[in-house]
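In order of appearance the chains are A, B, C, D and E, and numbering begins at 1 in each one.
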Amino acid sequence: MVEVEKIREEARRLLQEGQVRGVIGYVRGPQGVWAVPAMIRNPEDVDRLVWNPTCVHNLVLFVVEEKKEQARQKEPDKRPLAVVVKGCDSRAINVLLQEKFIEREEVILLGVSCENSGVVDKKKLLNLVPSQKIEEIVYGNNGHIVAVIDGERRVFPPEEVLADRCLECQANFPVVYDHFFGEKIKKEAINTSPGVDKIEKMRLEERRRFWEEELSRCLRCYACRSVCPMCYCTECVVDPISFAVEPTTTAEEKAKKIKWIEKSPLLSENFVYHLVRAIHLAGRCVDCGECERVCPEDIPIRLLNKKLEREAWRLFNYVAGMDSQAPSLFSTFKETDPEDFIR
Amino acid sequence: MRKKIGVFVCHCGINIAGTVDVKKVAQELSEFPGVSYTVDYVYMCSDPGQNLIIQKIKEEKLDGVVVACCSPNLHETTFRRAAQSAGLNPYECEIANIREQCSWVHKDKDKATEKAIKITKGIVEKLRWNEPLQPIKVPVTKRALIIGGGIAGIQTALDLANSDIEVVLVEKNPSIGGHMIQLSETFPTLDCSQCILTPKMVEVSKHPKIKLYTYSEVQEVTGYVGNFQAKILKKPRYVDPDKCTLCDECTQVCPVVVPNEFDLGLTGRKAIYIPFPQAIPATYTLDIEACPGVLPIACGKCWDVCEPKAIDFDMKPEIVEEKVGAIVVATGYDLYDKKNMAEYGYGKYPDVLDGLQFERLLSASGPTRGKILRPSDHKEPKEIVFIQCVGSRDPELHNKYCSKICCMYTAKHAKLYKHHVHDGQAYVFYIDIRAGGKGYEEFVNRTMEEEGVLYLRGKVSKVFEENGKLVVWGVDTLAGQDIEIRADMVVLAMAIRPSSGAEKLAKILKAAQDTDGFFAEAHPKLRPVESLTAGVFLAGVAQAPKDIPDTVAQAGGAAIKVVSILSQPELLHSPLVAQVNEHLCTGCSMCVDVCPFSALSIVEGKAKVNEVLCEGCGTCAATCLRSAIEVKNLTHLQVHDMLTASLGGLK
Amino acid sequence: MEHNPYLPQLARIISIKEEVGGARPIKTFHLELLNGHRFDFRCGQCAMISVFGKGESMISISSSPLIKEYLQFSILKMGRVTTALHEMEEGSIVGLRGPYGNGFPLEEWKGKNLIFIGGGIGLAPIWSVLQTALRQRDDFGQLTLFYGARTSQDLVFKDELKKLKETIPVYLSIDVKEPGWNEYVGFVPQNVLDKKPSPEKAIAITCGPPIMIKFVIKGLQELGFQDDQIFTTVENKMKCGIGKCGRCNIGHHYVCKDGPVYSWARLKTLPQEY
Amino acid sequence: MEKVLKKSDLGQWVARLKDFDLYGPVRENNHWEFNQISQLANFPEDYTQVNVPLKKILLPNREVLFQFEDNRNGGPYLQEVLPEEREVVVFGVRPCDARGIVLLEKVFSSEIPDIYFERRRQQVYVVGLSCYPLPGENCFCLSLGGGPFSTKGMDILLTKMQSKYFVEVLTPKGEKLIKAAPEYFFNPTDKDQQERQQLERKARAMFTRQIEGVEKIWPVLSQMFESPLWREESYRCLKCGICTYLCPTCHCFDITDEISSTAPLQGKRVRVWDTCQFPDFTMHSSGHNPRPDKASRLRQRIMHKFLYFVETFGDIMCTGCGRCVSKCPVGIDIIDILNKVASHGA
Amino acid sequence: MNSEHEPKIVAFLCKWCSSAGSDMAGVSRLEYPSNVIPITVMCSGSVSPLYILSAFNLGADGVLVSGCHPGDCHYIKGNMYARRRMALLKELLPYIGLEPERFQMSWVSAAEGLKFTQIIKEFVKQLKPLGPQTQLRRSL
């Protein structure tokens, strides 16, 4: 069991000694049990830190944001950041290291084990316990999730309430960390996704219809991208909303910006947006599932990344975020890479 | 200002006009945005055709020209030159290929015309964003660095020096000469190796244009073609060559004996030694590893006897810097490591030798003064087994490639053995005989027929000692039977491996190695002496196993390649190179990883293009997730707009 | 038919003049509406110019409303739309909708001395007032122009300024010394402080880069100008021009309709979101 | 006018509305969405609140404003494109969404009317469904002058009772809908009336989330421009804009040109949703950005709704539907923020 | 579907092998359907997946990427990187319902004029029965 007091102790020590400029962790959110991300800057606030099955967010996103923020500062605070990482989050750290977005010294990783379980999918849980007041959600035994509802404990088996990504997770404790909390209970590494299986089994037209139905709802709010720690690009190639305009950017440069897709949420544009994003995340997506979780339209975008994750493994034996030293999926090749699809 | 583009549609006689309605192409293009002039003409590449272009560029004040004609491979240069003579930047001229890719391959005139229009519109869109470019000029240091002083390095050095180019030759051993100086006589003519090599070595040492660093290694190379800076580590030899008179007093008194590398351990040498009498530079070297000590001077006997006080225990490693314009890698080979061949008793039984050891036995200056004697008991071997392809052509366990020279030198060895031991019997185990070379087949045949050497086709499974004999177990696959030979000596034709430091050097030079570890040539057929790194060339076995004639030929080739660079006042490099948008680059270094020419690096968190090395292939551009790097004049925007134009709009 | 506020009218570019070259070029365009449409506006108002396929940009009308033959716009090349505009030729057709914004309260200024203080492209909105005042010379007191740019090259309306000098005091300045320049060297606010225009019965109208405006206002206050004697214009990003798209607001003010002209007395009460 | 409709007759009535395009709540994955329907037998028991509010029909995510075309000699030719003429009935609109339209009207029909919005507004018939039980865990309309039975913006409000719907017909448009099948509508009995009132009382008692002292908020807000609250509350914001895209009152948009052909030029000018939460929303071409960070953008969202809109239109631009609270991926909670604001004033 | 449909094809050809191969087809006067618009790029390794998606988005019915045979790449290994990228794209497109026939990759050397024509012929033949590609095509 992860003892949250130990995380707090470590966080307090780091802050008191001035070793870090802050601790990115989870705190209880304004809507009761549901944890939200926060940056703790003072040792007095350390007690706000929590660790429970509602800690869904991939906090590495805030490492990315902090990095960008510091880059804008005239006098950046060079002290590292401490950040609480789960298994998937730690893989995200590895990808950032691999892509040299951060240096290892910039982060102190407070690794937490997912207790042989995972995090809760709020939607699933709320479907089971509609509109009741949930007071607390904690880990039970054998990966079970315990929710205290109106003073009563209800135990849920993992498959009922855990997020899909956790059910399919291959690294439920961090692969890289400085401090580790909890136990390393290795789950069976299953490189499977029932969701992907289901789509693969469909006929072509069914697949098309499936995705058309799903993607036609996309509002292009870009939440999926905003939440993704891998989408840290200064300017996203497929979206017209994050321009990297600097004082030195010339009028011509601005005029020459390519509109690969239109800003309108037309189905075709939604397709291209999601396909580009999927390709860009191939070998980089660590399946933290955040993109899918945040989507206000409940579009199963994770299934795109998951498909490519599967293919990267099948074709190239590549798994994202396992080794920060290895070259990334597309910046290397093997003589023996498959080419039976080539004429 | 928006470009004014002229479109010139060529009939190519009826070659284009026969299938493509050129008038219609011109007409449609005249209505295309940005096109301010169009014309069709019967032969655009003819003088009048070219003059028409020149004249219209001037008259119509065109900023860009598209010639819709044949493949750019044919006349791109022609038309660019024409455009240039009219005052246009040559990169403002583009070719739309409507012949090879259109008129010649289609019959339906309407469809071909439609396609020609699309192709041409696409090219107009591309041209719209073309930047005027100037070739990149790179000043050139007229000096060459040659790494490795074997025959390859020596030959390249001499060829270059004789072409009036200054040469820096770096050899890691105390003397130049490489493996060839160890050989006895050389196939196919059997002339004495040392006799033909030593004059060249002397020439190297005397040549005013050659600066020789022996006992030295290249530590770091920076820069790029035309402008390399090399850091060379001079290992201390503790003997001042200028003072040393070669009196040999020191070796007389030195108490330490270690195996002699030159004789591959068949003899010993002192801690202070000269590798071989004809060594260049002619001086002694103190092997500090073997010497009992400098501090405190535990021995110092040599120092005591050295009259001219040439010995200097305080000598320090020294790093010198040399600026050169080109580099030739001639680092040769090593034999495959003994360790790998335990089944043949190599390294275990003194009378199992490798080819080079056998060369030393054959050599008149060798340990046995040219007599063939067993190292174990100094007796003449009466039965001798040569095994070919040891460690070669064995993808499962050893090296997959053919070492190429072993067939020949084994034949030579067997023949020379017979010359020495007339009553001896020589057996050769072979897989097959590869004697592709002038006079080679005849040489092997003579060995078989005239010398009565017994060639057995098959593999040897085991060699072991029994009662003072070496028992060789093998199969004769032709006869289909197992064979056991009780021999006095076994000679293994060990596989040729890239020399031990090759990997390190490849990294230093950012030159690629092939999967076997040899330096990779830029193109297996067309650029066999160029490495993948601009300005770095290859000679000799460093590139692939080969014999002396091939080595010398390649050395000459490398030399002329170097000359072709260094003879120019400055290098002109295509300006179609990658460029980085620093606002977008996050420094992820994926592009750095994929660049086949090592033209990219990360400087202060951003990718940086070395324009001299970049070949403009665009692999980086497709790899970069953020479109932060693109090749000039074929940017993403250009491709996007070409697509838009040639797909003809959406409905 | 109902009025469609998003539908531009077509206008022809009747002349183009290159004001400033180099890396930050400025061109002045004269437009005339097609199909006999009318376009009435007040000094300080702006219009949305469309380049079809590229988009729209809000641009101040720099000509005087008294001129009916054409509408003048001076445009700095900044991005997609403005680059396209700079690439256009005389005779090309663009879209135009407007006028937008409140404009300067010229009526209230009758009889006052007007001090114009501009920097760079910021002269454009001022120019409309200046031209109008020149045409209604008797309605106003003394007219004075302070105008500066980074280099002499970057000054707009060079020819017109030359002529203007013959009628009213014109104080030009450039930021750094240049051979052949015999007027003021230094920043515009300093030039104003140097020349000490009197606040007596005066209105100061300033427009230019934000940093310049800030110091001009400080300078004017030092010279004794009251906050309601100082007028400036604000540029916020705009799309609709009619207070709906939600972009240009400063507090509850929509710059596109409640602005872009503000007296300092008013502007200083608004949040700093411009 | 008040009527009752037998539950079993709902489908019959709807079937009569042949001349209209019908929209109603349809279940998609994990949520409800207003989609086109061909029939409506009943409102499913588990129908809560649609995901994307009614505004998607009045202010669609993509609205073509006009087409342009370069006809080779005459230069560009413009063709106004107005919304299709078709009358739409939307069923099951919750009071908060209907109130959202009323607020949107203030923006789009004031001063210079927006003819696209107006045309769509005229064509839309709103048939609401009152909220008992409360559909959302974060409903707080009650704090903002709305309520689970609010009729603002509705043409008809239906209340689900034991065996019938209580039907409040509120506008001539509503009457028109009833007239399509008058035989199904009866006058309510006193008992019906009482049941309806009782349900409303029950519903009002169900609210768990509320803002304490809304009236304090706008005066306090006007003093809070520089407050550190914005930075604290926005730290975890993803700048995704879900809060505003799903808000029934948020209406920011962008205008862009979409080209279908470059030669000859052909394309459309469209307006698409945009949000103040996107970083480039207010960014000038020069890169200068008056709202450069998450804090200033969160401030804008709150201030626009609870201060600026109040100053301009005398109303709060939030209906308390709770979507931004429920849907924010990082639990940024407008109710919580407003309570903090209110407590600043205390 | 409409068998008369004339598919629009974009072919990204590397300059050194495949474009030269298509030239060879021309020189040898080997006929093939005119549906394909060649876009010559420096190397198959420079073809970004964006190009392919954008081609479909802008109305292509089929996209071909062609480079030098492994080992023959003018830029040594650009085609090897392309192979990896395209392998994934090749899996992804049918996954979302796009007919696998619509995206192809080939190795065509400068000498293989005949192979080039065969590839195009077959490509066109496969695309015709599929009709127009509408899934990714932008329609305004």
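Note that in this section contacts are C-beta pairs under 8 Å (C-beta built on N, C-alpha and C of every residue); 3 or more make two chains touch, one makes a residue touch a chain.
As the structure is a prediction and not an experimental result, all values here were calculated from the model.
Both chain A and chain E are touched by which chains?
Touching chain A and chain E alike, sorted by label: B, D.
Taking CA centroids for every chain, report which one is farthest away from chain D.
B
From the centre of chain C, which chain's CA centre is farthest?
Taking each chain's C-alpha mean as its centre, the farthest from chain C is B.
Where the CA atoms of chain C average out and where those of chain E average out, how many Å apart are those spots?
53
For chain B and chain D, let me know how many angstrom lie between their CA-based centres, rounded off.
Averaging C-alpha atoms per chain gives centres 71 Å apart.
Distance from the CA centroid of chain A to that of chain B, rounded to the nearest Å?
47
When the C-alpha atoms of chain B and chain E are each averaged to a single point, how far apart are the two points in Å?
Centre separation, chain B to chain E: 35 Å.
Spell out, as numbers or ranges, the residues of chain B touching 2 or more other chains.
Correct list: 594, 623, 627, 636, 640, 644, 648-651.
Give me the residue numbers in chain E that touch at least two other chains, ranges are fine.
Touching at least two other chains: 49-50, 54, 77, 81, 85, 137-140.
Send over the residues of chain A in touch with two or more other chains.
Residue numbers touching two or more other chains: 237, 246, 249, 254, 260, 262, 266, 330-331, 335.
Can you list the residues on chain D that touch chain E in the complex?
For chain D paired with chain E, touching residues are 258, 260, 267-268.
What residues of chain D sit close enough to touch chain B in their complex?
Interface residues on chain D, with respect to chain B: 72, 260-266.
Under the definition above, what is the set of chain A residues touching chain E in their complex?
Per the touch definition, chain A meets chain E at residues 199-200, 204-212, 237-238, 260-262, 266, 268-269, 271-272, 275-276, 278-279, 282, 304, 307-308, 311-312, 315-316, 329-331, 333, 335, 337-339, 341-343.
Enumerate the contact residues on chain B facing chain D in the complex.
Residues 31-33, 121, 641, 644-645, 648-651.
For chain B, which residues count as touching chain A in their complex?
129, 515, 581, 583-584, 586-591, 593-594, 602, 605, 623, 625-627, 636-637, 640
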